[in-house]
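Below you will find the structure I want to go over with you.
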């Protein structure tokens, strides 16, 4: 194939000896390096130290922080909850996104519906968390109140009880993020020219066949982007959970995820621990999780997108 | 606990700092019209003052852009020059709008008027130490911090970040003919003393116990319970939702077991169990008794339905509205629920029920001030402490904020009388959570996790003891 | 033949029913979201002691006082200004550096452009938590903590990866003939960039909106990097109000705060939602 | 205006395979209108872009007005280019688009305006100066692109298939207009097209390119009459020239079973050849009198003439670029002579007009 080896195929008037391009890129790169990359490297380093960050200097302790974490129930709780958001939450979000995208394709009010569904994504997570808490409050919450009002008292639950609370959190996240992923998937679906569906209709394809034969293959690349975005979003999710527990009272430990624990252990807490080393170690684990999963997702979804 | 504190800086810091400086210099050179973005402190404070009304912003202490954070002195007793401007930087745990904040604001206003010292106060809320840390790391002065004594002890006092307040005891209280040491009982101060010298000066002394509406108990014809058995019986007699509890706050859940351990094993028993490197201290009879009692409560059905999923402050709200009888809480509950409690609500407090052959002591939950080593104006801070402890001024905490104060010569409203009596009658005092929260904050989290499982009936008493013993040994092993 | 028709019409009947259920579900979801919003707005006008007693009652009075409380506690004039300064400044500066970078990365064809794009994209995956500790220490070394400039700079840093990523998509989709035409007319690299810039405007606007909405809702960085009341952004302000209101149990005041904070967003959103959504979509599907 | 010279210009995009352009030599005189033509992928656009400075030649020399400008950036070559899609800046008005180059060169605002207005009136664009390209028709956009090229009086114009986006009728109009304009401005012009009609009607000289190699440079008439090789012969002219496989042996031209007399002008030729006959040089007669037998597959009536598609029993040399075998032998005849579809006919080649090419090299054996 026409793969360039030593020769450059790019047009010369646009090709530059890095220097000119460098001037365009340097400011963004410098800030990016200073604010994101350098601190990331530093975090890895701090994770090998013990450090309170007030007046003392970091003391190298090797893998001690990691060893400590592996033995901590709190850490494993946070870790498992993060994975639960990622996997269980992900499955639900993507299932709904797909179903909605398919349904919305043929609905007249689709722009309006999409706008409403997307809305939680621009609302401050604090506000969402407040609303979600009001909804799920045990006795005077909106949901239980509603269920009672329509005569479904048997369906009422203590939504925030230890066995349910995290599912309630995930439900909240699903409510927020489904709109986001619907939007992205719809964009992919909208790009598919109508005539593919018309051709499929002429051949008498069922909706399921259309989904698997037309929609999925032709949105594969969008799906892969969406999956990567989900991995990042799921692992990063902090604000909603933090605010769900409220300010002034720490979020209930039964809702902690990795980022919440980083915050609680290293940054702030009602009874602060100031364990910067340990917080960094958790952050490094988050980072590794993101890295491994993104690579994994990309590998799984590597099948090339179809050009059309 | 104290760690060595040399000037050593982590190697990466130079890297990050250099990059940041580079970016700033580049930004400053690149945009002539944007010259405010310069790394010099001058420009920074300029931008601060044109961004704000200026009053709350303290001028930067250093004039060097790459300023090194002022190193705290090792020796807290060395007298230091006052901050040149006579400004007192005060970080407070209260949020704007809370009654305690309003009281303190009043004190601050008159202090400024009387002394000419400007008080720059930050109403930071309960995560005040996060702000303190931010300020200290940035080298901003922090002269006075007001917060709960336990986290102060754990985060600052035990690690040597605070100054001794011994000299404050000999300071005269402005407007009164007494010294601070005369009115603040040393029993309070001794709890957090370092080398015999006080480091935390309390201005509120709360406690905890079981709250109820006096009227309701009378209506129900239930006698005020004294012992644990009586309490369980009373709860069962009180009908639905007898014990309201906000189970989503882990440290409210911990009230029960901690109190039961302290009752069964005496003050310090919980702390001793937590700090036993082998974890075997958890297998004592006292703790077994405490766990057994807790399981009894959980299994009795006295706890309001859904307590494990109650998001604070819902349970206490319902309790105050008359749906429920008992609520275990701090003595601040009266002030927290005042705005929505049902009419004619009669706030009563039950000291935590006693157990057979057990101990009696009261929780001393102090809220106080510390003066950090890094303070710029430690003298002004001490002056403020003495000034605020004046009985008339402190009375606001009682009358308006409905909190107890360390001075016994200030009268209390009826809502708080039970608490005062409880503290007075108690033969001994102990720290909140027996000091476990303050002394071992990381361990505390792991403890609460297991305690929740026990309190929610997810594990049996035996399982709990086995697990917490193992956890304790593991924790100390990794320290 | 006739049975075939019969079967397929049955199938279609089932399919229609399925679709009907699906649509019902979609509409319930939509209604649910709207109901939450409406409830919150109504609650903001209720009285504190009745708000939870009868959940579905209409407000019995116009409790404007709730909004006064909220306004004061949120310190709204101040927090809004801070948010506008840091979010507006951060967004504008992000675009100012990300646009030329994205342009150079996609259209200057220099060696190493493609790995550099990947390097920038890497930043999207870095959680704020993984940088905040050293960032905090580093910023305090240069006196940029508790400082709106420091926060703005940080906002730039965390926005740049996504902005560059989105805009490389936009710039890549532009026709190269225009660029060549400009070159033929004698335009230098900078001028060519400025010729191309207006063409990327839809992308720029969308990227800026997405960055701005993200920053507007951000509060972790603001919480950790600033502490003065005067430096609080609206997100931190709301969180603090949340804390304070819960201690004082002024729930309706809290709802009023939420409504106050949501109002500009709702207005902006009804006006710009298509832009935001489409911008996001182009970035994701390019 | 200036002359343009290319000496041995070679362009490689990669190390493998043949170069995109190989050893191109071309001398363009001042004021000349040169058309580059060839099938797609032949390298004509690459050649244009090298002249423009949008590509660099791998080796070779490029002179404009006598001076080497290989290292001069595109913007400094004082060359204007009209792009296939016009490349108008959508956010600028017509006036701003036309005046763009002037602005960059720092021409004063007043001067810019008068110049732009003059050019606009020349092109009939005066009423549209304040519109944006999106509001114009295809033909108007084309004119704006022209205007932008004309306005700064460049040393040369480069046009890259400027008419290909227009409909057929407009294309004919614009073709004439560009020619007229070029004559009027007396501007050195390089014009790239794949359309041989444009090539034949517009160019002073035409350069035929194939696979990166110059096949022939000649005036349109010469190109038609004296194609230098089989490729040019087949590429120029429509319908395409018929190409039969044959050989010359013992002074006879052997085509299939027919043994023909070798025309005088080929007497020195020998060996395997290709016999090229344009459709109008093929006559159809009754069986028995012609050179070759054929079967009438299709008869197309075009009005003044008739195209007869024939199957013949002689191997044809069919270029990749041209259709399938059944259409490969075509005769153009007078309507009165049209045969009946399906009939068998005899074919007579006009031997005075046929072209002979060396079968191996494809080069013409004709000596004009």
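The first chain written gets the first letter, and so on, giving A, B, C and D; residue counts start at 1 in each chain.
Operating definition for what follows: contacts are C-beta pairs under 8 Å (C-beta built on N, C-alpha and C of every residue); 3 or more make two chains touch, one makes a residue touch a chain.
Given the structure is predicted, the values throughout are model-derived calculations rather than measurements.
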Next item on the list: Please name the chain that ends up farthest from subunit B once chain centres are defined by their CA atoms averaged.
Entry: D
Notebook entry, point to check: If you count the contact pairs for each chain pair, which pair has the most?
Noted result: A-C
Margin query: Using Cα averages as centroids, what's the distance between subunit A and subunit B in whole Å?
Written below: 35
Check: If you average the CA atoms of subunit B and of subunit D, how many Å lie between those two points?
Finding: 89
Notebook entry, point to check: If you average the CA atoms of subunit C and of subunit D, how far apart do the two points sit, in angstrom?
Noted result: 55
Checklist line | Sites on subunit C at which at least two other chains make contact | finding: 52, 134-138, 153, 180, 183, 223-224, 240, 243, 246-247
Item checked: Overlap residues in subunit D, where contacts from two or more other chains coincide -> 53-54, 73-74
Item checked: Junction residues of subunit A, two or more chains touched -> 11, 13, 27, 31, 34, 38-39, 42, 46, 53, 137, 140, 246-249, 267-268
Check: Inside the complex, what are the residues of subunit D that reach subunit C?
Finding: 52-54, 73-76, 79-81, 83-85, 87-91, 100-101, 104-105, 148, 152
Item checked: Touching residues (chain side subunit A, partner subunit B) in the complex -> 26-27, 30-31, 33-34, 38-39, 41-42, 45-46, 49, 51-59, 64, 67-68, 71-74, 77, 133, 136-140, 158-162, 164-165, 245-250, 252-254, 264-265, 267-275, 278
Notebook entry, point to check: In the complex of these two chains, what residues of subunit C are touching subunit D?
Noted result: 175, 177-178, 180-188, 191, 195, 198-199, 201
Item checked: In the complex, subunit C residues that touch subunit B -> 48-49, 52, 69, 72-73, 75, 78, 81-82, 85, 134-149, 153, 223-231, 240, 243-250
Margin query: Please output the residues of subunit B touching subunit A within their complex, sorted ascending.
Written below: 3-13, 15-16, 19-20, 22-23, 26-27, 30, 71-72, 95, 125-127, 129-130, 133, 136-137, 150-151, 154-156, 159, 161, 247-250, 305-306, 308-312, 314, 318, 373-374, 437-438, 441-442, 444-446, 448-450, 452-453, 456, 458, 471, 474, 478
